[in-house]
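Next, two complexes with subunit A in common: one pairs it with subunit B, the other with subunit C.
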Partner chain A sequence: MAKPNVKRMWRDAVSGYSFMTPAILIIGGFLLLPIAYAIFLSFHKVNLLGTVSYKFTGTANFERMLDDPRLWIALRNTVKYALIVVPSQTILALVLAAILNMKLKYRNFFRVAFYLPTVTSSAVLVLIFMWIYNKNGLLNYFLEMVGLPTYNWLGDPSVALIGIMIMNIWSTAPLFMVIYLAALQDIPESLYEAAEIDGANGWKKFWRITVPQLKPVTFYVVVMGIIGTFQLFDQSYIFSAGSGGPNNATLTMVLLIYQYAFKSLDMGYASALAFLLAVVIMLITVIQRLIFKEEKLN
Partner chain B sequence: MKQRFTLTLALMLALVTVLSACGSKSNTNNGASPSGSASSEPVEVTLAGWGSSPEEQALLQQVLDEFQAKNPDVKVKYEVIADQYMDVIKTRLIGNEAPDVFYLDAFEAPALIEKDVLEPLDSYVTPEFDTADFETPMLDAFKSADGKIYGFPKDSSTLALFYNKKMFSDAGIDAAPATWDELLAASEKLTKKNGKKVEVYGFGQAPELARQMFMINAFGGKLADDQGKATFASPEAEKGLALVIDQHTKAQTAGQPSDVGAGWGGEMFGQQKAAMVLEGNWAIPYIQSNFPDVDFGTAEVPTVNGKKGTMAFTVAYVMNKNSKKKEAAWKLLSYLTGKEGMKTWTSKGFALPTRKSVAAELGYDKDPIRGALVAGGSYATSWQAGTTLPTIMNNFNNQFVAAYSGQSTLSDALKKGQDTANKEIEAAK
Partner chain C sequence: MNKSMKRFRPLFYVLLGVYALITFVPFLWALSASFKTLPEIVKGGISFIPKHFTFDNYRTIFHQEPLFVRWFLNSAFIAVTVTVFNLLFNSMAGYALARIKFPGSTLMFFSILAMIMIPGQLTIIPSYLIIKSLGWLNSYQAIIVPMGAQATYIFMMRQFFISFPKELEEAAELDGLGRFGLFYRVVLPLAKPALAAQTIFIFMGAWNEFLKPLMMMSDKAMFTLSVGLNTFKGQYISFWNYIMAASIIMTIPALLIYIGFNRFFVKGITFTGSK
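Entry: the complex of A and B
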C-alpha cells in the first residue's frame, strides 16, 4: 500500500537532491557559509597576524560604531552619493533609451556606442578620468574655454566626490539604458496610436504612457542603482589610492570596511560594518518596495 | 560587479581563516632546514619587494646574481609586489605564504615586530657581519623594545632642498636659502603668476605627515606620546605646521603637485612648475633621466626656528619567522646588507648606504648633489613612531589636507585629527 509510495518518494528525493548537490555545495560554500561566518566574526575580536585568536566580545564591535566618526563620514558620503547618482543615472538612462527607441538613422551604431562605457573595466575608466580631472587636464581646459571656474578635481575635498559621481553616472547609465530599451519595445504601439488620435503631443505621450508603463522596470533600476551606489568601492579606492582622501571626501562604506579589514586587520569590526551595510541596503529596498506597491494600488 | 563586493569580502574573510588554520598546522615543524646536508639541490629562497625603476631593478638583479655565483647552494626567487605592498605582505603572512626575506619600511616595523611574525636576527649575526658598522638610528628603527634586532637596513634617504639653478639666477638669488625665512622670501621672488593663476610655484610642498613630521618637532611639538596616543594638536606643533599652511593659503607662493597637474614633487620640479622642492635621494636619478635639461642643485633643508631638521626614510630586509629555509635566508639577507652587497647596491646612488664603511668608501658626503642628503642623516627625524603610526598618519593626513585647502583652520583640523586618531587607537585596543 503505502510502502512503494514511500520508496518512490525516497527515490525522488535522492535523485532530486543529487541533482541539486552542485548548486547546494556552491551556494552553501560560497554564499551561506561566508555570510554565517561574517556574522560570527562580527561578535569577536579577531587577531590573525601572529598568534591567531578569536575573543568573544559580544556587541562591542557594534557599540564601537556609535563612536566612530569615520563611519558617519563614510555613511554621509555614501548617502550623498546615492541621492545624486541614482536619480541622475535613472533619468539619463530613460532619456537615452527613449531617444534610441525612435526611428533614427544609424540607431544601432548609437546603441552600441552608448553602451561602450559599461563594457570598459572600471579601473581603466578611473585612470582615464583621473587624467581628464588633472589640474591641467581636459575638463579644466573646457571649463576655462567657456569661462567657468576650474577646480583641482583630485586634490580639493569639496569636489573630489563630485568627480566620482560624474564618472559613475556616465558609466552606469548605459547599462540601465539597455534595460529601459528592452522594456520600451514591450509597450504596445496601439497605446501611442490611440493617444495620437486623442491629440496628445510627443511630451504628453512620453509622460503619460511611456513613464507609467515602465514603472516596474524603474523599480528594478532604482533598486539596483541604490545597491550599486552603496557598494561603491573601486572608483574611490583608485581615486584616493585606498585612503579615502582628500580629507575623507571619497571615503565610502565599503572602502572603510576594506581599510579596517585589510589595513588594520581588524576583521571583527570590519565584519560588523559589512553587516551594518547589508542591513542598511535591505532596509532601503524594503522601503522602496512599499512605496512602489502603494502607488500600484491607487 | 561591485554588487558582489560584500559577498567577495565575506568569502575572503572565510578563506583567510582557512588558510591561517592550515598555516598553524605546518608551523609546528618550523625551523631551519637541516644544515650541512650533502644534497646538491640548491635551496630556493624567495625575496619580495616593491617595484622601482627599471635601473634599480637591474641593479638589484646584479647583486642577486653576484650572490648566487658565490653561493651556488642558494637560489633566489625574486618577486615584485606592485601595489599595496603592506596589505599583500600582511595577508601572505597570515596565510603562511609569505616570502622568506622581504623589504620592510621603518614606519611599519614596530607593528610587525609586536605581532611576532619576524625572525629575531641576533643569533645569526657573526663578528664578520659587523653590526656596529650600521648607522645607529637606522638600525634602532628595527629593534624591538627589548633590544632584539629584527631587520638590517638596506639603504636610506633623507630629504634635502632641490632648487632649480636657472630659476634662481633669473630671479637674482645667488645662494640656496639657509633659513626658513629666506626660503619664504625666495619663494616670493620665484613664484610666477599669470593673472591670478600661479604658473610656477616658488616652493613645492607635500601636505602629508611623512614629509612634515620634522616641522612638528621644529618648535618642540611631538607627534605621539609613549603610549602611542597622538599629541600633534599642540601649540608647538601648530607653529611649525603653520609655516607650511600659511605659505600655501596666505602667501600663495607654495603649492602641492596636484595644483599644477603633477603626480609628486619630483615631477613638479622636473616640469619646472616649482623652483624648489624637498625631496629625497630617489628624485635624483628620476630628474636626471626624465628631465635632463633641468639644471638643479641641492642644499640642506633650511633651518626652522634656528634648528636643522629633515626626515629620514629607511628600509630593511627582514626574515619571515615561519620561513622553512632560515639558514639560506640569512645567507641572502647578510649578503644584501653586508659590506659587499650594499656597496654594489648603493654604487649608482639610487639609495644611500646605511653602513659607515660603505658610505666612507663611496664618498657620497663629498658628492655635489648627494652631500646635502648625507649631511641630513645626523639630525634627521626618523619616519617612525610606534605601532599606532598608520592610524595617526591616516587621520593627520586627512585633516591636514582640510587645512591645506582652506576648509578649516589649522588648529581645528589638528584637534579633530588628534581626537579621531585617539578614539580609533582606543577602540582598537
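Entry: the complex of A and C
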C-alpha cells in the first residue's frame, strides 16, 4: 500500500507545480522581485545614463523628504481630498443602498444605471468632466442659472482640486453602494420586526438598526476610501497634463512619485517615496483587518 | 416596507430619479457634443440635442488621426490577451491551491494573501527598470506579461474551488482522466460563473489601465487608447467635439461588456470585497 501513495505524492507534486508555474513566474518576476528591488532602490542613488548604476546613499533619500516642499504640498492635498471625498462618498453610498434595498420597482434598473461611472475608464471620465468644467461649460451655465458664482474650474488653483473631488465622489460612491447593498441583505429581518412592535418608524429603524449593524462595513468602506485617495493618479495626471497644476493644486502623492521617477529621472528618491507610501497603506490595511476580525468575533 | 414608510414612497422614487439623472447627464452631454459641429460647441449653451446633427467628428478622428485605429487595436489586443492569460493562469493556480497537496502549497497560499495587500505604487519604478533591462519597452509584452496573473483572482478562484463538490472530480478520476484532463474537461466548464466575474474585472482593468502604458510606451504607435486619448486632448485643445467622439468610442466596448455581464458584477464585487 505504501508504494502507490508515494507514487501519488510525486504525481501530485508534479501536477501541483505545473499548475502553479505560470503564476509563480509572473508573480515572482513582476511582483516579488520588484518589491525587493524597490527597497534596494530606496537606499541608492540611481544613474540611468548609459548602463544603469547604483550608489549606496544610506538613508539620504528619506532625509531628503523632510525638506521637500512639494512632498508637503502633495500630502496636504491628499489630506484635504480625503477629508471631503471619503465622508461624502460613504454617506452617498449608504443612502443610495438603503433606498435601493427597499422593495421598490425598477430597483435593478437603478442599480445597473448607478454603477455605470465605476466601469468607465478614468481617462474618459476626466475628459468628460473637463468638458463640463470648462469656462463656458455645463456646470458654470447651471451655476449661473441658479444664481451661484461661476469659476474657472480648470485654471483656478482654489477650485481645481474640488473639481476632481466632485468627479471622484460621483464615480466611486456606486462601488461602495454595491458593497453596502450586499451587507444590507445580511441584517436579520427579526431585528426590524422587533423594532416595529416597539413602534419604531422607518427613520428610527435606519438610525437604531441599519447604521449600527453596518458598522463593520462602514469601517471597511472608509478605509478603502482613504487608501483610494492615497493612490489617486490618473485623474490628476490627465487633468493637469502631468504637471499637478494649476500651482500644484492637484499634485498627489503618486503623481509626485511619477514626476520624480520619469521627469527628473531621480529613481532612487522616487522609490523611497513609493516605499513610504506603501508602508502607510499597508499599515492602514493591517489595522483594518485586525479590527474587522475583532468586530466579527464580538 | 411598513406603513409609515409607504407615505414616503414617491419621495424615494424622486431621489432615485434625480440620482439617475446625475449619473447620466455627463455621459449624455459627452454623447451630444460628439455629434455637434465646432461652431455650436464654441458658442456654448445647454442644448442636449445638436442643432446640426453630424457624424463628421467621428469621421475626422478616424481619417485625420491615422494612429487612432491603431490605439484602439492595441488596447483591444492587450485587454483580450491579458484576460485570456488571467482566466487560465489564475484558475490553474487557484485549483492547485484548493485541491492538490504539494510541498510548499501552504506557504504559497499565504504569500498570495500577502501579495494582495501590496499597493501597486511600490512596484511601478522597479517594474519599469526590469522591463527596460529585458528590452521590452514599447512592446506588447511589457504590459501583458506583468498583468498575466493576479493574486486577488488566484485567491478568488481558490475560494471558489474549495467550495466545489469533490464527487464529480472523483468520478472523473475513476474514469481515468488525469489531473490536466480533469481540469480542462470537468473543472473549468463548471467554473463558468467565477470565470465570467473574472472576465469583466480583468478586461475592464486592462482596457482602462492608464499608468502602465503611459510608463512603458514612448512610441506613439504603441500607445493604448487611454494614453492616446490624453495625447489627443493635448493636440486638439478646445476641439471638444473631437475629444468627446474619441471618448465615446473608448467607452463603448467596456459598456457593452458591462451591460452583457452585469449580473456577474455584484457577485464578483461582494466576493473579492473590493474592485
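Quick notes
Simple rule for what comes next: the second predicted complex is superposed on the first by the 253 of 298 C-alpha atoms of A that agree within 3 Å, B and C clash if a C-alpha of one lies under 4 Å from a C-alpha of the other, contacts with A are read in each partner's own complex, and residues count from 1 in each chain.
By definition in this document, a residue touches a chain if its C-beta (ideal position, glycine included) is under 8 Å from a C-beta of that chain, and two chains touch if they have at least 3 such contacts.
If you're wondering where the values come from, they're calculated on a predicted model, not measured in any experiment.
In the superposition on chain A, A:L96 makes contact with subunit C only, while subunit B stays out of contact range.
Looking at the shared chain after the overlay, A:L41 reaches both subunit B and subunit C. If you count the residues of subunit A touched by subunit B and by subunit C, you find the higher number for C.
Legend: residue contacts after superposition of the two complexes on their common chain; A:N134 is shown touching both subunit B and subunit C. By the touch criterion defined above, A:F233 lies against subunit B and subunit C together after alignment on the C-alpha atoms of chain A. By the touch criterion defined above, A:M267 reaches both subunit B and subunit C. By the document's definition of touching, of the two partners only subunit C reaches A:L104; subunit B does not. Once the two complexes are laid over each other on the shared chain, residue contacts for A:I209 go to neither subunit B nor subunit C.
Judged by the touch definition given at the top, the superposed model places A:V178 against subunit C, while subunit B stays out of reach. Legend: residue contacts after superposition of the two complexes on their common chain; A:T285 is shown touching subunit C, with no touch to subunit B.
Where the contact sets of subunit A with subunit B and with subunit C meet, they give residues 30-31, 33-35, 37-38, 41, 52, 122, 134, 136-137, 224, 227, 231, 233-234, 254, 257-258, 261-262, 267, 270-271, 274, 277-278.
Touching subunit B in their complex are the following residues of subunit A: 30-31, 33-35, 37-38, 41, 48-52, 64, 67-70, 122, 134-137, 152, 154-158, 224, 227-228, 231-234, 242-248, 254, 257-259, 261-267, 269-271, 274, 277-278.
By the touch rule above, subunit C contacts subunit A in their complex via residues 1-2, 4-5, 8-9, 12-13, 15-16, 19-20, 22-27, 29-30, 33, 44-46, 85, 88-90, 92-93, 95-97, 100-103, 105, 108, 111-112, 115, 117-130, 133, 145-146, 148-149, 151, 154, 178-180, 183, 204, 207-208, 210-211, 214-215, 225-227, 229-230, 233-234, 238, 240, 243-244, 247, 250-251, 254-255, 258-259, 262, 265-266, 269-270, 273-275. On the side of subunit B, the complex with subunit A involves touching residues 1-3, 5-7, 9-11, 13-14, 16-17, 20-21, 24, 84, 86-87, 90-91, 93-94, 112, 115-117, 256, 258-261, 390-391, 394, 397-399, 401-402, 405, 407, 419-420, 423-424, 427-428.
Taken in their complex, subunit A has these residues touching subunit C: 9, 11-13, 15-17, 19-20, 22-24, 26-27, 29-35, 37-38, 41, 52, 96, 99-100, 102-104, 106, 110-125, 127-132, 134, 136-138, 141-142, 170, 174-175, 178-179, 181-182, 196, 201-202, 220, 224, 227, 230-231, 233-234, 237-238, 241, 253-254, 257-258, 261-262, 267, 270-271, 274-275, 277-278, 281-282, 285-286.
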